[in-house]
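Consider the two complexes below, in which subunit A is the common component and subunit B and subunit C are the respective partners.
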Partner chain A sequence: MEINISILELFKILTAFVVCWINFVVVDTIFGLPKKPGVYGAEVIGKKIEKVGGNINGGYFMGNIVCSPDASAGTLFASIFYYVLGFKGVLIGALLIYIGNRLCNDPGYAGTIGTITAGILIYVFSDVLHLISPKYFIVGMVIAILTIQGLYPQLSSKLLGHIAKKLRVL
Partner chain B sequence: MDTISLIILIIGIFVSFRVISTRSRSLKLLYVCCLNFVIASLIVLYVKSPMGAIVAIVYFVFGTLSSNAIANTIGNLKKMER
Partner chain C sequence: MIYLYIISVVVAIFVGFILRLPFKIDIDSFEGNVFFPTIVISLGLMAILEYFGATGYIYPILTGVVGGVVSKYINRLFPGVDYGN
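Entry: the complex of A and B
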């Protein structure tokens, strides 16, 4: 098994990670995920994160991500459908995300809007500027969700609460 | 194996160890959500066709739905214990 890792590739992954992170955090925050838990399960997860030493609003944000496909899933599926089908695939992805949102009892605005904004960003970076191809956005989104949910929930919930206050959502 | 699959694979192994090592049931759901992202992207990178993308989105939506149900049940159990 031979593995070649070039600096240019790592730089592309890093840029895609930053673009995905900003897209999904800003869209989710504007649509009010940190303000209140959309479903009962999100409230449970938010309270648990507060109990282990995090921020309650960041906890609601993370609970809402776990309990319904929001802009985080939208960004992942925009890059996946752009990778296999091009820009028209993004619209199919937005429709499927909307159906998933309705199944999980959520209004579904954050998911669909997040998918479409992510699709436009990927279009600009891959087809207009010819810098980063869509598959780098897939791994960028996986790293972005790892930094929010997987590494250290206490710290990331504090960061998300701070961002929500800066954007004047709370 | 290219760099992209390798990075996603490393993240997947790391997160699955987090799932096993965490004691709290509610915090486990956060890592399971992260694992859902990893598996959905690995499906598409392996299959690379429109059908693969559909399979990934169906897997992801129903994974989220079951996380939703589990979180709901944990909350109800806590209410009953009181």
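Entry: the complex of A and C
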């Protein structure tokens, strides 16, 4: 199978990635993900990341993302539901994220508010400015989660801890 | 159809007020308040109903009432436990 991606599409994916990354990191940090682990699994992940040379607060952030659908899952949900159903899909996604949050012992503020802010951003970029259509946000969000969780956790946890200190959450 | 959503949110907040939910938003608490999660639940249910073609005035009132009542009893429906404090 041959894959053809033009420079313009790459630029759109890159912009969507930056928008998604800023949205979910800022919302999750403001709602206190780096402060404390929500469940036992998040604490285990946080301590493990600290042991391999990362930051404990960034580790808690990453553990909480894994253990409950926070603004990261919310942004991905918002992209997919906006692609399928438009803005009312974002509202359905926010409800589903809220139920998922409550099942995972999370009050639910970060996930739902992250979903709705992501939906507003996608609406502005796709239907108001006509720059980037929602499908690029799906790709952008997958890459954004990859940069946080997948590529190099030690460095990303330090970055997340630094952002938490800058936003005065800790 | 944006008026359906506005009616739904207004009814949800009104029902939450009648059920004496607190006004103060506490992001560490598992209990509901007047604004959260009433608005999320009522908007989400209204979006699902509108997707299936429900456009009468009864539906936003219904979803608003459900949003308020679920928000009142949310900590019995999905109980949260204190951990890591």
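Everything that follows uses one rule, which is that the second predicted complex is superposed on the first by the 168 of 170 C-alpha atoms of A that agree within 3 Å, B and C clash if a C-alpha of one lies under 4 Å from a C-alpha of the other, contacts with A are read in each partner's own complex, and residues count from 1 in each chain.
In this section, a contact is a pair of C-beta atoms (placed from the backbone, for glycine too) under 8 Å apart; a residue touches a chain by one contact, two chains touch by 3 or more.
Because the structure is predicted, anything quoted here is derived from the model rather than measured.
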**Request:** Pick one for A:K88: touches subunit B only (first), subunit C only (second), both, or neither.
**Result:** second
**Prompt:** After lining up the shared chain so the two structures overlap, which partner does A:G108 touch, if you call subunit B first and subunit C second: first, second, both or neither?
**Reply:** second
**Message:** Is A:P34 touching anything from subunit B or subunit C once the two structures are fitted on A? First, second, both or neither.
**Reply:** neither
**Request:** State whether subunit B or subunit C is in contact with more residues of subunit A in the superposed arrangement.
**Result:** B
**Message:** Which partner chains sit in contact with A:V44 here, subunit B, subunit C, both or neither? Use first/second/both/neither.
**Reply:** first
**Request:** Report for A:G119: first if it touches subunit B alone, second if subunit C alone, otherwise both or neither.
**Result:** neither
**Touching partner for A:G58 - first (subunit B), second (subunit C), both, neither** = neither
**Item:** Which superposed partner A:Q149 touches (first subunit B, second subunit C, both, neither)
**Value:** first
**Message:** According to the stated criteria, A:L96 is in contact with first (subunit B), second (subunit C), both, or neither; which is it?
**Reply:** both
**Request:** List the residues of subunit A that touch subunit B in one complex and subunit C in the other.
**Result:** 39-40, 43, 85, 89, 96, 99, 103, 105
**Parts of subunit A lying in touch with subunit C, wherever the complex brings them together** = 31-32, 36-40, 43, 85, 88-89, 91-92, 94-96, 98-99, 102-103, 105-109, 112
**Request:** Over in the complex, which subunit A residues touch subunit B? Could you list them?
**Result:** 1, 3-5, 9-10, 13, 39-45, 48-49, 52, 62-63, 65-69, 72-73, 76-77, 80-81, 83-85, 89, 93, 96-97, 99-100, 103-105, 135-136, 138-139, 141-143, 145-146, 149-150, 153
**Asked** Which residues, counting only subunit C, touch subunit A once they are in their complex?
**Response** 5, 27-30, 36-37, 40-41, 43-48, 50-51, 74, 77-78, 80-81, 83-85
**Request:** Write out the stretch or stretches of subunit B touching subunit A in their complex.
**Result:** 1, 3-4, 6-8, 11, 14-15, 18, 24, 26-27, 29-31, 33-34, 37-38, 40-41, 44-45, 48-50, 52-54, 56-57, 60-61, 64-65, 67-72, 74-75, 78
